[in-house]
Amino acid sequence: MSFQPRHPDFERRVRTSFAKQAAMRTIGASLEGVTPGEVCVTMPFQADLTQQHGFVHAGVVTALVDSACGYAALSLMEAGAAVLSVEFKVQLLAPARGAWFRARGRVVRAGRTLTVVAGELHAYARENARENETLVALLNGTMMTVRDRPGLND
Amino acid sequence: MSFQPRHPDFERRVRTSFAKQAAMRTIGASLEGVTPGEVCVTMPFQADLTQQHGFVHAGVVTALVDSACGYAALSLMEAGAAVLSVEFKVQLLAPARGAWFRARGRVVRAGRTLTVVAGELHAYARENARENETLVALLNGTMMTVRDRPGLND
Amino acid sequence: MSFQPRHPDFERRVRTSFAKQAAMRTIGASLEGVTPGEVCVTMPFQADLTQQHGFVHAGVVTALVDSACGYAALSLMEAGAAVLSVEFKVQLLAPARGAWFRARGRVVRAGRTLTVVAGELHAYARENARENETLVALLNGTMMTVRDRPGLND
Amino acid sequence: MSFQPRHPDFERRVRTSFAKQAAMRTIGASLEGVTPGEVCVTMPFQADLTQQHGFVHAGVVTALVDSACGYAALSLMEAGAAVLSVEFKVQLLAPARGAWFRARGRVVRAGRTLTVVAGELHAYARENARENETLVALLNGTMMTVRDRPGLND
């Protein structure tokens, strides 16, 4: 699918907003790529983000894919609007173990008020290498375009 | 609903496993209460866990309610079994702002392999006070009882 | 929770709209009760609505709870608006077998554009009797208030 | 993705089981194609399956995609096992209007006990024609392989 961004500098907008997500900094996540309707976020494995079995916590997995999907939605919104997550479903297909992780979020349908998004998280066994990819999680969700709410942008 | 735990010391088991969740320590979460089929987790507001608008990130909200629900499920499992999240849906009803947050997870139905769980997160406006409660998020999910997988417990 | 309807004759509105749902007539469903923010729909067992094991099909279960939830949402909307299902999750806890079924839908939070709904379906072993209740399914969803779309009402 | 069926005659098994789904007959649905891990189901528009605005009811949409996904899962199961829907999420992207509809269900990951499935429903404006395709709904769900339950097959 191909989308037309309504904001002239959608990439800078997404990058600026992502930089404001203190939570992403805290978990060591980076914005990898931004194209209209698709955003990727990566994160190295960190022992202090694990659950009881030593895998990355499902909440951290969710944080990565939700951010990727939210920014995929924002990449298509007009200036002045803000994005909020309405709901998402996450399915966990394999334990989140590996050297690093990559979340991809993409827009399935961009409506006036609601944007349907889909995303997934892959794990990679070795640093800086794309081989040995494991599909860890799927996210299917709904994002909302919020307009005219003072102080709420991007 | 009232459930019968299969593990003689289910509370200690849950508390020991929760203490192994490095992610919970990292986000400053505490295990509040453990009863058969119901677990509560609390967390103070922290600026380094926010998204771009200054609210607690949806992934952190999810981490809290998912942990509460997972341990609600584990509180009913027999010794030797481990709990894994299969899937969950999170609905975000209000921005996660406040002085502190409380996630409650409870078992709706405990089957042999799958446990249906439901949870919610409330925000509280003032420290150490239960007044001014806001319902922030709902979680509905499925947990799995994993047996006979070497090295996977609790 | 207690809700204030914005439509003076919300019950008649819901009943009139339900009567237009040809699908409900086809599956033999009846509108049982309508209060602000809560609607119940019942249906007797019918062999021609079953799946391969003889249980009522998950799609029919969904139809009943989705209608109950959609009308719970509509019961709180202003005149002229229409309700549409945005998304729902259905969890199936037990096979849908029994003499009759009762779906309950209720509003959890009614926003300006989106309404969060929750519902469930119970099965009953004997005709006209409320004893031997089995929880068959849970639904958690999002309904939308559609305004100013010509020809789309209720 | 490519899957290896464990049943020598998986297609006949799926077709035989589908023929037992009285609900599919009642709504006029047909099994179109069966390959390992993917199944398609079609249905012509029928006025007696509509909701109040004249679109096909979300429950009927769900029935079609759930059946397609359930049989996609069953197509990979060993003889003697039965498939049950554990849970699914349905997202409605456009009103279900058109001359006919096509649901596609496919397996994303087939585990020993749980199968992750994804499906969608498209609407077509004209009979017997594939042009003017509209994406109406997405389904993401979990199917279960049930073993050793007397009387429960396929």
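All chains are identified by letter, namely A, B, C and D, in their written order; residue positions are counted from 1 within each chain.
By our rule, contacts are C-beta pairs under 8 Å (C-beta built on N, C-alpha and C of every residue); 3 or more make two chains touch, one makes a residue touch a chain.
As the structure is a computational prediction, the values presented were derived from the model and not from experiment.
**Student:** Would you kindly say which chain has the C-alpha centre located farthest from the C-alpha centre of chain D?
**Tutor:** B
**Student:** How would the chain C/chain D interface be labelled, same or different, where same requires over half of its residue numbers to be shared?
**Tutor:** Mostly the same residues.
**Student:** Give, as an integer number of Å, the spacing between the C-alpha centres of chain C and chain A.
**Tutor:** The separation of the two C-alpha centroids amounts to 33 Å.
**Student:** Rounded to the nearest whole Å, what is the centre-to-centre distance of chain A and chain B, using the mean of the C-alpha atoms as each centre?
**Tutor:** The mean C-alpha positions of chain A and chain B differ by 22 Å.
**Student:** Measuring centre to centre with CA averages, how many angstrom lie between chain B and chain C?
**Tutor:** So the centroids are 29 Å from each other.
**Student:** Which parts of chain B, given as residue numbers and ranges, touch two or more other chains?
**Tutor:** In chain B, 86-87, 89, 91, 142 touch at least two other chains.
**Student:** Please name which positions on chain C make contact with chain B in the complex.
**Tutor:** 89, 91, 93, 108-109, 116, 118, 135, 138, 140, 142
**Student:** Which chain D residues qualify as touching chain C in the complex?
**Tutor:** Listed in rising order, the residues of chain D that touch chain C are 17-18, 20-26, 47-53, 56-64, 66-67, 82, 84-92, 95, 152, 154.
**Student:** Help me check something: in the complex, which residues belonging to chain D touch chain B?
**Tutor:** Going by the criterion above, the answer is residues 86-87, 89, 113-114, 142, 144.
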